[in-house]
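First the structure, then my questions, so here it is.
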């Protein structure tokens, strides 16, 4: 059993317009000290998944099913109160936009102290020392002074460091980072990613990085899960995904990776169309309306939902195309385009 | 029984003691005898002031007559009617024990001359007396001798010198301008905060605009004063009480006296009139007040008497009466100017119509005579903050529409009604005002006291007029004749003549001779309606 | 509110827009108005308010035939219905019955039903036209402030502050109280109504002004305005062709919400005795007379309910409209 | 901070000057357009049957013969430096701020205003406490139980509340509770707090509730909207992710942010109210500043009108300044400069 095991997770939202299937049968596992990257476009369900793991859908309108095992405990069936106690202590989260994710009316220190004192019965002075210590560890200069600053007085990168300090203040064993660098400058992005890698090693925690940008997870992740329309479409080691990707959507994502040598808006393999409606999920393969190879399935893609099948060594792909055909497409058509220049 | 107190003293008593609780839905204009001009104030003021004469207390027709108060007897006119002499009693004292002399009375009259300091008070003495040219009041010209107007020839004699003969002097001097004021205690406009009493009560506290209390004045000698029994030990007055609440308190007995004494609010009427037990506690006198509509001959076509007569004929007197509160709370349908309580009044009706509902045919005839057979359009003004005047205007609009006279109604705030609108010559001319709602109450119950201010065209000035409609030289001549007539009966006849002239002129449309529905407070003794005061006689009251 | 995903905030990631866009083809390309209409159609309460508003407008427009069918002329006296002494209606419940549906007034016996129907006309007329005045002043001031910014914005902002600090009601009363009765070629009720419209409209513009200013500020930064500017378009062109059309939706919404406020304003002025001259019936005026006759339930309740229902209907409809145009502005 | 306050105060004074000029203009310039002469103005303030001489004297004394500018100047001088009042037997000092002497009562205006302030203050403060408590708690609960029966009921009531004119609810409440059931005192009842606190509260109960109902409705709607918006903010999700208890999330993180924008509104509402709750005071005939204002206008008593308008505007200005200062304390992002 892994440290984290997600089995057939479904998160649905009933709405006036119909049932929104944000996450629809997702399974994966993660060991301590390992990093999983969850990649997909916005609306693919990746963030809903992370909030689901943290139990933040509890009490809302969401319908959750499946199992989430964290360190031998099942979380979906557990009481809200129990999950709340784990939140912040055993599992913590770093959000995308550090400015909006920190309360504007409280000092950074106050927010870290609050996070620490929820789970540790210590005096304010002790918590404050801890907060300063944490700020120092995430690389904020003069932490003893900056602890009393408000979030708006920090720069974007500093805020994200503070956010990380807050998330790590209780030594969580599972850390989920949701688009941790999207809101940051490119140079700062690299620093933050370095910091997260260092800290993960130091704390030996399990790390999930959620992003729409494969580039972010390339160096950090051990495994990568590609999500589309609430489902996993490809899962494998980082090497599998970057060197032997088998799903046309993954190819598209690889082609969309911004590279330093190109204009940020330039895409090698643009994915046409927009992400699917989560209410009226296209019948058959959710990706087929946008898939350039859909017709090769002889109509199967329009009617039949493809299964997530293992190809080799834990590499999973959800596609109707033959494996051979996928491999040949990759080798002959996609890879050459990606490797131009 | 209802109306008992109109003819006799209700619940007579001589028992002293207790506290009389009174309330007022608004505020006094002023407690200063020189600066007040409300009937209730003249009535109530007698608790703390004494004047040369006063109305005979108690119920019945005698209440209209004046009797001596400070004076030993009524005034002695000189044969030409231009000098009036009053002898005052001896042994009179102010609340501080200092004696009241003729000098204090003369000084009080002289100080009341200063209308800049005392703008509210009546100005009869300003006009009647022969003031020195350079006299600007006792404050501005303290060195000017005013003896050409009023003088104390010795400690007990006050002499008034008039510009022209005047017969009703005894009525004028019952007004509080003759209430003595000690010169060394006079603080001008601030005197109202601390009035020095000459009557049976003096001020204990006085919070202007809120409340005041009167307690016994031990320097007042009942032997000098047959008019005031001074029964309660204490009188407490609340000001600015909600009018509906005041009625309810009066009904329930938590207060015993409604000071303005002008009747109840509609809500209370709806409660009192259908309830025999409550109705039995009421008195319903006709008071010397006329509600009327000025028919102003200033603009076409009302400059034509026939058109004015058309208005007279077209008006629905019953609807007008209802608008003014109906036969009980409003008044009796008025057919001429002078109300019944005025001494020598005669009732006559030049425009009698079937059931008082107006006569459309006669009105149309008059319109044809006027050259406006299809009617005409004009404007009627009223005081917008007076619901009854508003209702009257609406009733007139309905009635006159029957003969094609189209009224546009315009309401104005009371405060500026006479100064800027209905009493402003230019405004009336420029805006084509044809009809204006008015009310007038007499200062004393004779022809002069009632009529002069509203029918004498020589009083008309640019703004602030009460009369803009009666402009008849014949009327003016009759007024002069009547004022100079020293024989009371002949004088009364002359005033009836004035009344007839005005009605023939069709420049006043009488609406009602007002009646007020007064309620006797619970536990009040010795209560009587006084015709001179047109209210309950406050100084008689006692409590059980 | 039709935002599909609102799970007490915790599913904020699944943003309404992404779903809307995703739900995709069906909605894409439709104008904001169409989307708003779709949302509005689903809002039963707002629609109910809208229906009542339409009914009220019909009542106001067809007040004369309605009155001649069911009532009596609103100015006609029926003193035979009145007790001469108490001045109250003789009949029970204020004389309510087939002849006088809502009873008669005390004193003169005028038909309450007819006066309420006739009063609808005044209330709605003033409510609508005063709102138009506010919208015109507010839009001009708001657009000018938002578009030109700088010292112009400063000055207009100050003016709005002054209006906020004004004891408006006191001021309006003072103003109506001293106004002449003839002028601008009008007289009587016509002038009075015109004056009330102007005064109410004039005192209510800052609320619209603020919103328009804010919207203009944000519009000014949008690409299409930039584009137009870079193409050398004149201010006038940008204002009328680019900015104003985009302000229509918020203006419409807030105008709808201002109408009930203005109706209440008119009622308050009439209540305080500075509204339309009698005998023209107004709801506020009827209520102010009811103060003296508070013992008559029909006389107090009906004009009050008329105001309440009208204002509530406009509020419901306006609220729905706002939610439809901008679900998140709520 | 200090410079900010000074600048705001200067702005406030400028605003009051503008307001005073406009008020003055309305009462002097507009009637003159309508053709009023100084005598016509003066004849408003004298007793009945005053002679032309009396009217002329009063016109002179009230200064109506001077140009409007001079009259205004005199008013401002009185405010700044005080004024003198000739009461016949002597001269009285009216120290600054002297709003002048009422044309009607001859009393200085300022003490009259001060006299009526406790009534309006009591009304406003009591109602404010009620509406803030009720409005905010209902709003918060509605937002947290969005779509529930409670939410629908309270928001329906709130919408009805903002649609009811206070002179209607006030009258109904008086008819039912005071005249009908006799539970509450009749209109016009007022006892000073220092005289009898229990009676004070009892007398004001009905006006408080009626007035508070109106405002509570608005505040409940706004609180709910603010809460819904705030509870959707990212930082609320962060707070939850930290493991904070839900009630702490709501109170410490949600409420504070949701209520802060209401502060400005409250400042203005409260400021306007303590300057005179005209309709409430008229309906309940409470002797406060609002009733004073109406009476002053009816009597066309300019010094009183000027006094009450300026005092009322002053309250709004001060209240909004206080609120802005408070805002800076509550929201660290706001800088006073």
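Letters A, B, C and D mark the chains as written, and numbering starts fresh at 1 in each.
FYI, a residue touches a chain if its C-beta (ideal position, glycine included) is under 8 Å from a C-beta of that chain, and two chains touch if they have at least 3 such contacts.
Keep in mind that what you see is a predicted model, and the values were worked out from it rather than measured.
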Remotest chain, chain B as reference, centres from CA atoms: A
A-D compared against C-D, more contacting pairs: C-D
Centre distance in Å when chain A and chain D are each reduced to the mean of their C-alpha atoms: 55
Averaged-CA centre spacing for the pair chain D and chain C, given as whole angstrom: 24
Rounded Å distance between chain A and chain B, as computed from the means of their C-alpha atoms: 92
Euclidean distance of C-alpha centroids - chain B vs chain C, Å: 48
Contacts with two or more other chains, residues of chain D listed in rising order: 31, 34, 179, 233-234, 237, 240, 297-298, 300
Per-residue overlap in chain C, given as positions that touch at least 2 other chains: 6, 8, 10, 177, 294-295
Contacts with two or more other chains, residues of chain B listed in rising order: 244, 385, 413
List of chain D residues in touch with chain C within their complex: 11, 15, 18-19, 23, 26-27, 30-31, 33-34, 144, 146, 159-160, 162-165, 167-168, 171-172, 174-175, 179, 225, 228-229, 231-234, 236-237, 240, 268, 271-272, 275-276, 278-279, 282, 290, 293-294, 297-298, 300, 305, 308-309, 312-313, 316-317, 320
Chain C - residues contacting chain B, complex: 75-77, 79, 82, 84-88, 106-108, 177, 181-182, 187-188, 273-274, 277-279, 289, 292-296
Chain D partner contacts - residues on chain A that touch it in the complex: 51, 54, 56, 59, 84-89, 92-93, 95-97, 100-105, 107, 114-115, 118-119, 150, 152, 163, 166
Chain D - residues contacting chain A, complex: 233-235, 237-246, 252-253, 256-257, 260, 330-333
For the chain D and chain B complex, residues of the former touching the latter: 31, 34-37, 39-55, 57-58, 60-61, 86-90, 92, 105-107, 112, 115, 179, 186-189, 285, 287, 297-301
